[in-house]
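There are two complexes below, and they share chain A, which is joined by chain B in the first and by chain C in the second.
Take a look at the complex of A and B:
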């Protein structure tokens, strides 16, 4: 009987990896391989008539251009700034929501509203900026200083904050929900002030999740193209340069080079976020 | 204090949407909210050209969801049930589109397969690899659940066939995760702009490209109306995402 059962199991499960094969083939063909080709193109290994031979020429040209360097610095400042601001705002919001959920009065409407921007493409968020603070924007009627703000550094920063909000609130909410409320409650009954409990209990417990979420959101914000594409007449960010190299004259090697730089920044943000988070988690645990 | 911040954050999300709705229903928005009076003409003007584009985007999103279930489902099952260094490597490979920005992946795809662009095949496959990580993230934890595995083996030991176990045990147990995966993939594909930028067939654009075109060529009012039509199509999907998450037993997104 046991032999028969195992034989049947083998029939059902023998080619287990076969189930994964179609997806793996598609992922390798349409995600991993194109990225490798992109890196090769950036190094001059593209198909002729692309520049022949292995060369760092495209990277030297990119990093020698002030336009590219400006866009790179703007990208880092705007994505980094937006993520930092939203992290500071998100912590009280998720703690409040976790508190409400524990008391069983969590609001589905708040939840849905705060998640909504995740389904909005970046271009709509850029358009929101135009409606409110464009040249004929709504806020411009109240105060002239708001007219055209959408195309400035601060306008773009606010638009990217909108973009980052659901991407930070979502994961942080999960982390806040797993916090043990007994810890904060006992600290409170032992006489610690609200601020002290936050600084010595809640924040250290939440910090690994904050760092990891920040890294992931930074990676997404750095690559966010739609918002800045809609507001492209203003401050320039790196994803715009990536696209421009292709839309104005199909310079595949130059575009691939900038795309590799952009991807490297995003990967760096992700990896740093994970590594720092693991480090802090260990420090807090010990 | 934290309640106030939560309220303000909700306001931050809501104000631009309301302002866009006001712009879409104003005769002349540059004269202020409902300047020149209230009208639905912009919606009537925006809808006819928008309808076929929305239809196309819905079709692409539905196809991407179906492909995700067809190839992502078995992949998630393999990763959940046969953990090994190989499945870990698979996880990294599948997550490449999460690390590489969409516009970079778009450059990579059009540089590698320019011949697949006009038919729209490249767009669908691009959306598939972009959404696959989300399908895996939703399905793998559900499929790895110990209770589910016990129930399956009990059913099998009682003589149920593979298809019957899948239909009566596995799928019902993973229903919340499946809903989460399907709605998320649908919303992501429907609004996808970055990866699509260079691989979208130029003659037959999807909804975000119609919007992008209007933003640079149209007046603010009809562009607002188009944006509101788009939001009306994603809002129900989003509600489904939130409902699925609230139903989920473990509150980990």
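Take a look at the complex of A and C:
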């Protein structure tokens, strides 16, 4: 009886994965397949005669090269640094905005201005940096120190901060809006100073969102190509090397290797952000 | 408090009671809107005052102004002799229990209760003792290590109450303390809350929109409407001698009609209704006008053609009938007047009715001669 019932169930309700099938096909075609090819290429399983069989040679060569290592470290420092700085800047901004929204004073103009850069491609942001802090840039007229800053490490850092700003403000703003103002108000009436309320109530409750947003922004910033391509004179970042290996000499295997490393870093940032956030959320809240 | 003497020397303090909470002439504005308009009330130590009114009447804003969470445009808030009108909320010594209880979700029950004590730098031994006392008072000792998400609504309310009382506040403010709880539980929790409040000696202000809560928890009730204080008195006096028709309707669903005394009759509704005074309870009123107070059990309904034609029955058209369980709510029209009256639920109602006063069940409020 039970067996027949379950058989009937199977007929009546199509399995859930059937509904997801079209999406799965698309994901396989445009995501899984290219990644597999990329990984295969980097491991020497590409099409002969270019590749002669499985080897770790490409990875050894990549990690043996100072140019690649420099680009790797620069990528991590600039993306990481930009994300950290913007997180520190964004937290007070979103808290203030949430406060304004609660009092019905929220301004659409401020929102639009702060999140506008999300619509701008990285190349445009690189172009902004040149216009302002390039060798003949606007800021350079005021003080010589600004001239040519765009092509230096600090210049890139600033350009990447601008790139990260909307990607961090947006999600954090949503998180800040869900914070219950009664919590901070209660803490205040209990005798806590503003700083204490921030440290003991606001920050712990916002921390999971901060970590998750940071991880996602870091993943996006690591892969950002446009900005550094525009400013590619001095400091080199990893995405640039990937493109270079392809465009100069079509070194598919070397390029694939770097691409795999870059993708791994980005995915790691994303996954770490999610995982840490989940851990902190469990430790901190409900 | 020791600060009252020097403050009095400055000569700027309003003449306030030395203890408890007093609000004098408080006005709060949000931009162009006046949310609270010249409200004055006072709460003695160990007294509970319930502020009641329909939503948007300014009751919650009054509470927030006392807590220091919104600024006062004019007026003074005095707490145990200290003028706290412009004080930081952290320095008012007020215990606040917000409507949703705002229990810190990332702290245990004990850490929640200890929060204010830590913020005030109370040393560990004293803090632990105080937390233990508060857990005991609110019957939470077994739940001390629980996280708030493992608690029921009633337990969360007790955590918020214990947290607020732990700092030994001079005044305790509760915003809609029972509104977030299941209606079936409210009766029991209201009695529980009432007994816990009785164990404290601070001035307590409760904001509610629930008449039953106000009547049972408040030793005095402040009834507000559109930012103004309409009546501030004991529950009994509000019930027996409402200041106006709004108070009568809001508090007990009663009808208050303006009336005149004409020898042996009370005349209401422009002479349409002449009720013999012998059928009425006559009570003095403090509100200056003769009025007729009708409750849901005050009226009997008869067929219009059976009614006496001496004017003691009000012939009215029935516009709407609503069954509310304990009574039947009729919207009736007589002349230019429309009024809502409650009658016994088993009454048979046609398209028009004759309303007569059940002897001894309605009240004539007479100003003292």
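Some observations on this one:
In this text, the second predicted complex is superposed on the first by the 262 of 286 C-alpha atoms of A that agree within 3 Å, B and C clash if a C-alpha of one lies under 4 Å from a C-alpha of the other, contacts with A are read in each partner's own complex, and residues count from 1 in each chain.
Here is the rule we use: a contact is a pair of C-beta atoms (placed from the backbone, for glycine too) under 8 Å apart; a residue touches a chain by one contact, two chains touch by 3 or more.
Bear in mind that the values here come from a model prediction, so they are computed numbers and not experimental data.
Partners chain B and chain C, brought together by superposition on chain A, fit side by side with no clash. Look at A:262: by the touch rule set out above, it reaches chain B but stays clear of chain C. Chain A has more of its residues touched by B than by the other of chain B and chain C.
Legend: residue contacts after superposition of the two complexes on their common chain; A:193 is shown touching chain C, with no touch to chain B.
Look at A:201: by the touch rule set out above, it reaches chain C but stays clear of chain B. Of the two partner chains, chain B is the only one touched by A:223; chain C is not.
With both structures placed on the common chain, the touch criterion links A:183 to chain C but leaves chain B unconnected.
After overlaying the two complexes on the shared chain, residue contacts for A:119 are found with chain B alone; chain C is out of touch. Of the two partner chains, chain B is the only one that A:130 touches; chain C does not reach it. Once chain A of one complex is fitted onto chain A of the other, the partner contacts of A:111 are limited to chain B, with no touch recorded for chain C.
Distance between chain B and chain C in the overlay is 18 Å (nearest C-alpha pair, rounded to whole angstrom). Chain B makes touch with chain A in their complex at residues 1-3, 5-6, 9-10, 12-17, 19-20, 22-23, 29-30, 32-33, 70-72, 74-75, 77-79, 81-82, 86, 90, 93-94, 96-105, 107-113, 125-126, 128-129, 132, 157, 162, 187, 190-194, 197-198, 208, 211-212, 215, 220, 223-224, 227, 230-231, 234-235, 237-239, 241-243, 245-246, 251-253. Partner chain C is touched in their complex by these residues of chain A: 180, 182-183, 185-193, 196, 200-201, 204-205, 284-286. The touching residues of chain C, counted against chain A in their complex, run 67-69, 88-92, 94-96, 98-100, 102, 104-106, 115-116, 119-120, 147-149, 160, 163-164, 167.
Contacts from chain A toward chain B in the complex involve residues 5, 12, 16-17, 19-20, 22-24, 26-28, 30-35, 37-38, 41, 46, 89, 92-93, 95-97, 99, 101, 108, 110-132, 134, 136, 138, 141, 162, 165, 170-171, 173-174, 177-178, 219, 222-226, 229-230, 239, 242-243, 246, 252, 255-256, 259-260, 262-263, 266-267, 270.
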